[in-house]
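The first chain written gets the first letter, and so on, giving A, B, C and D; residue counts start at 1 in each chain.
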Amino acid sequence: MFTKTSRKPLALLASAASVALLATACAESERDPDADTSAPFVFGSAGDIKSLDPFLASDGETFRYSRQVFETLLEHESGGSDIVGGLAEDWEQSEDGTVWTFHLRDGVTFHDGDAMNAEAVCANFDRWHNLSGPWQSSNNSYYWQAIFGGFADNEDEGLPDSRFVSCEATDELTSVITISQYSSIFPGGFSLAAFGIMSPTTLEAIADAEITGEEGDYSLPEYTSVPGTVAGTGPFTIGEWNRDQAEITLDRFDDYWGDPAGFDTLILRAIPDETARRQALEAGDIHGYDLVAPADVEPLVEAGFQVPTRDVFNVLYLAFQQETNEDLGDIEVRQALAHAVNRQRIVDTILPAGGEVATQFHPDTLDGWSENVTTYDYDPDRARELLADADQEDLTLDFCYPTEVTRPYMPAPRDIFDVITADLEDVGITVEAKSYEWTEYIGRTNSGECSLYLLGWTGDYNDAYNFLGTWFSVKNDAWGMDEPELFEAMADASGNPDAEERIEAYKGLNEQIMEVLPGLPISSSPPSIAFAPNVNPPNVSPLTQENFSEGSWQED
Amino acid sequence: MLRFLVRRTLQLIPTLGGLSILLFIWLQRLPGGPEYALLPDDATAEQRAQLRRSLGLDEPLTVQYLAFLRNILQGDLGTSIQTGRPVVEEFFTRFPATFELAITAMLMAIAVGIPLGYLAARRRGGVLDFAAVGGSLLGICTPVFFLAFILKVIFAERLGLFPSAFRLSPGLNRTDLSGFVVLDGLRTGELDVVWDALMHLALPGLALASIPLAVIVRMTRASVLEVLEEDYVRTADAKGLHRRTVRGRHVLRNAMLPVVTAIGLLTGSLFAGAVLTESVFAFPGVGSFVYGATQTRDYPVLTGFILLIATMYVFINLLVDISYSLLDPRVRAQ
Amino acid sequence: MPTTPSAHNPEGSPVPDAESAGTGGTALLGRKAAKIDRLAELMGPRDEGTHGAGIWRTAFSRLRRSPMAITGAIIVAGFVVVALFAPLLAPYAPTAQTWGDEVFPNQNIFVGPRAENWLGLDNLGRDQFSRMVIGARQTLLVGVVATLVGFGVGALLGGTAGAAATLGGRWGRTIDNAIMRVIDMMLALPTLLLAVTVAALIGPSLTTVMLAVGIAQVPIFARLLRGAMISQGNRDYVLAARALGVRKHKIALTHILPNSLGPVIVQSTLTLATAIIDAAALSYLGLGNPDPSFPEWGTMLADAQRFLSSAPQLAVYPALAIIVTALGFTLLGEAMREALDPKLRK
Amino acid sequence: MGSSTPLLAVEELSVVFGGRGSDEVRAVDGVSFTLEEGKVTGLVGESGCGKSVTSLALMGLLPPRGVRVGGSALLNLPEGEVDLLKLSPKRMRDLRGSRLAMIFQDPLSSLNPVVPIGRQVTEILNRHRGMRGSAAEKEAADLLQRVGIPDPERRLKEYPHQLSGGMRQRALIAMAVACRPRVMIADEPTTALDVTIQAQILELLKDLVTEEGTALLMITHDLGVVAGLCDDINVLYAGRAVETAPRAPLFAGPTHPYTVGLLGSIPRLDAPRGEPLTPIRGSVNDNIAWHDGCAFAPRCDHYTLECLEGPPALVHTDDGVHAYRCVNPVRHADVADRAVLESPSVVGDEEESA
């Protein structure tokens, strides 16, 4: 998932909330075909969806829904992070990485009966590429801009040239997408849920749909809120979206090309409060939920619930904004901070079991992770020495944390904040606490208003650039770090089509970053998801991209 | 009576008008002005300027206020930052849930509070009186959200007697009806839906009812005690009327006058209390929506909610006055 | 008042005592003294309260006999003592995560009461007892400041309106009307919502809570004081003072205001309770103190809700403290109200 | 008149408040009197002397707890004699309104403000005479007519606040006489009324007593009312009768200093040479307990040490109708005057402003 320079509230929510789901095509079917599937499966999500058309969205909850209804060209393997075919059975890329040829699956139909073919795929890409007006606001096309830059006709000078060149249907089932320049964001970018393929009929119906209103006060077209217009190819069709109950009902698509869904009906119900979600599961009101608090895992397991844990695919960090706060521009101060924080205690007492202290800015499951990075052990004495050397015994720092939120990489932000604050004060630093609600928090931290702040990232796809590039590809207000060489190296690495060279470059980058120490990586931890005892849960995805059609009811 | 109604309705205008001015000033005074509420922090100066123009913020204040007022009167309260939908629409879809909850809570409070207060007064100084007064003081002193949590942990989580969240069990939702699920269920004859809805209403209703219940018990008790001392009650006794008649016609009817006022005012505050209760029980009403709005500083929603509550307060006051005049001929005569 | 014979010697009585007239002077005096003494003895000690000692003394003597008032006073006194001497009473620093490695909230491992930590540890390994004690201080601060804000602003508005209404003639009525319309509008907003709007203006902080809760109380104080002043303004002594040509503002300040303060003072006591409860609700709404280094009961309670299933004591301690303290102020306030209420004086 | 057995005989009535913890207060202490058909008996005294408590005790309207009532009050009914003080609450309820009726002091506060007058009259007809609907309304209108309320049909629909003070008292009287009670108690029925209205009301009461042969217990502090209306008079002080006599002997020869004081407090138009009023000093609160001596002693100009040595006994004069409770009775008081007997409040004007 990507950052962008200008953020709007909705997108803000998304950029860190991002939990993107892929509907994978290859669910292993072990279930009994005669099993009763009629009872609705209710899943407790953390928030309501924003739009029925995922293109307009950038938040994990919308993608959780859209992955069940729409499919993308490429997807991640069920329960893993490797890229596999989605609507495209397989694909190849040109040597320079600019021409991508997708061989589409045969016999796939949309929910409205249209056939899925190369022209349908290209019609989607062409629509996105040619959007105009308010659609070009990053509020309404966040992921397109993140992956493909601009549009055919950029209306805002600030938008970069589009990286998308063309999509051609060379035959019935072959789409060729040409991009202007290779980047390691491909092929991962083709798997993003925002690029779910919709039927030609849908595209025709929504061709004239307009977004009205002003920047910050947009009204989305009716088709994004009223079921009936949009049709995808996924295992579920849209039943109804009850906005006042924050509940969307999905029905099984019987003509699905792959294994049919194990539930006739899938209901995604928004329960913002994590305690309420747990209680709803315990009471039987829902049959599964995401963002399980670490403390709830064991009691739930003891009570007979299934609480599978996802593989680690995230990182939590403490950022040092070195431009806003000149004191943090001093490497000795940053090192002192790194030595002052007892990260092991955070991992042991607050994060879910299986978490680890992070040594660098992405988890060790990603290629590019280096064993040779500089490490900073918990050593308050060393921290005090460093502060004394830097002549900063009376250092005062403002420290921001988000309220009323939990993230997969950051349960209980306030507790983590409290622990770090106590550690910092222990070495003689005065901390000024500041707290903001999540959306505002993202805005403030991204514009560099906070000297110290907590944030993290869950990967969208399997490439180190998805982590490192997000933060350290250009000088930005979030970090205030200005290391042109590092940025250049980052661009080179990302643009190198040779995988092995790229990975070596990433290792070097990780070592370089931990020397510069723009922030302190705290932990990588495995988030859990909970299911009722009588459910065969879907495979859990490290990318938090579960495909619910894999789930089913257990037999009695 | 008609003239009374017209006059009272006309009296609402200055109060609501003044309130709209206060609200307008409030919006002006928000950190960074109203455009802050609508734009992110890192919006460009140009974006801000454009928004100011489009909102008419470079117009004189009076013109702005009139525009603000016109929008309100046209039912346009702006767009929610959380959901991107018009605030009015958001309230409209969620209102039935909160309304059912508030009515449930008020009915519970009245059904228990008035008899309890009455009995406490009759048995003044007795065990029941002590329990009623002590209990209501305790109720007033317990933070509502804590009570809600306790109820939830005990009755939903530990004992499993009631559902812990939502308005209905999954699968019972109907979007095609009015949204008043209890009424809808009764109308369509789906008694299972009605029962399910009532079970979901029980705990949040009880939590929400705690304050009004406490107030009603105390008001009723005090009022009955006062009326019991009244000469006309002695007169009624001196006439040898049955106790039933004395209590019903002479004691309760008079004692209810101040209680009716209190019930009116409490009903208004119930909708505000719903903010705390609904969020605990994930009850999908206006309250939990506004709770979200306080978390996200969703100013259009907050503004709209304040207007909604104030308008309701004013109209409830009107209703109280009307019912008062029906109950008390002395007021009617004035 | 011609009350007792000793105060009003019957010697000056126009009707001479027929019987004693015949006896000698000293005997007469002796007899008189004897019978007066006997009478005084029989009439017994008089309740001073009923004889011009003022309503305050009467109220106080009534309070001393009220179990409600005594309970309330004991609670309030205990609370204030703890709050004032908190730094001396707290065995540890409230923010020191001394035992941070003994508590594992992610595995539901908490430490309950034990010899060194009387109330156990909180979720970050801090001494819960010390936090409660220091929290009392913060809580008292919130209550007192909020009440002062409500009292101050409310008394100013209500006092002006009341004085204007009683003494000001047509202009006074206009002023009174204008102020009361504003007060009515404030009343139209439930306390909590008013507090939320205030918090929206100045961001979440302890100051926000104090200001918000205080401002929410303004209309109540204003109405009370105005009502009391108007009823005092119609009293005979005010009319008399006016007839004597005493200046209006002087009447308002020296006669009406002091005599109207009773209900306002009662309300202050009750407001202290409301403030503590409302502060907890605001903390729950996320508008409270963002700085966790100063424990405050409301913040502690709001923060501990998430451990209600696994470590209920973390929420129950501050909740009980809030409830008991609020109850103390409420009992005291209600008892004072009853003691001062002329209707209940018999 | 003329019946040998009294309609109601009150013997040694005592009412004690409190006890258990707080100090006992003996509000009424050994009061005895009789009521006879067609006769008016007066109970006179300052407020707080126990006269209202006496009436409430007879009506069974004292609060059920914290009160001890002693003595007896025998009511002579056709079906036999009953002791009002020992009847069950239920039986008392049956008697009240039908055999016993009471008229209270403040007609505004004694009427339920939110119930129409008509309803308040018909409810008693309904209760004791089983009348319902239009029959009850007709009877109610007749009753109002009878107590002198013009346009009764309209008044029935009105609420108490819409009536004038005099009319309210008339309405109360209408309720009291609705069931032709044998005994009627009027507790300061005219105190809250204008002087002109007072006279009309007294006249009305007098007529009712004469016509119906009801026995009326008149409770008042106003000796003018007593002089104009009562046949027998009991003067109460601090819960005890201090002087008892028929009207004429009492006014002619008041014996107890308190009675003398009461009479002396009445302004007289014909007072010679600017003679000052002689009010009783102090208040009812300034007294001592009866068992220690004369309760009136602190306010008495004639008290001696003997007055303070135990309770004074009731002394009967030779004629047997006059009794007083005093150690140093006043022999020749000249404070009473014919003028009192002819005071304007006794002779009323028929005109009433409605």
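List of remarks:
The working rule: contacts are C-beta pairs under 8 Å (C-beta built on N, C-alpha and C of every residue); 3 or more make two chains touch, one makes a residue touch a chain.
It should be emphasised that the depicted structure is a prediction, and the values quoted were computed from it without experimental measurement.
The interface with the greater number of C-beta contacts, when A-B is set against B-D, is A-B.
Between the CA-based centres of chain A and chain B the separation comes to 40 Å, rounded to the whole angstrom.
Each chain gets a centre from the mean of its Cα atoms; for chain B and chain D, those two points are 53 Å apart.
One inter-chain figure worth recording: chain A and chain C are separated by 54 Å, centre to centre, where each centre is the mean of the chain's CA atoms.
Centroids of chain A and chain D (each the mean of its C-alpha atoms) stand 91 Å apart.
Looking at chain D, one finds that none of its residues touch two or more other chains.
Residue positions of chain A with contacts to 2 or more other chains are 403-404, 437. Within chain C, the positions touching two or more other chains are listed as 286, 305, 308-309. Contact between chains, per the stated criterion, is found for A-B, A-C, B-C, B-D, C-D.
If you check the complex, the residues on chain B that touch chain D are 230-232, 234-243, 245, 249-250, 253-254, 257, 327-330, 333.
For chain D in complex with chain C, the touching residues are 281-282, 285-289, 292-293, 297-298, 301-305, 308, 328.
Touching chain A in their complex are the following residues of chain C: 95-97, 100-101, 103-108, 123-124, 204, 286, 290-293, 303, 305-310.
Within the complex formed with chain C, the chain B residues making contact are 14-15, 18-19, 22, 26, 29-31, 137-138, 140-146, 149-150, 153, 157, 226, 268-269, 271-273, 275-276, 291, 294-295, 297, 299, 302, 305-306, 309-310, 313-314.
Here chain C touches chain B in the complex through residues 181-182, 184-185, 187-193, 196-197, 200-203, 273, 277, 280-281, 284-287, 298, 301-302, 305, 308-309, 312, 315, 319, 322-323, 326-327, 330-331, 334, 343, going by the rule given at the top.
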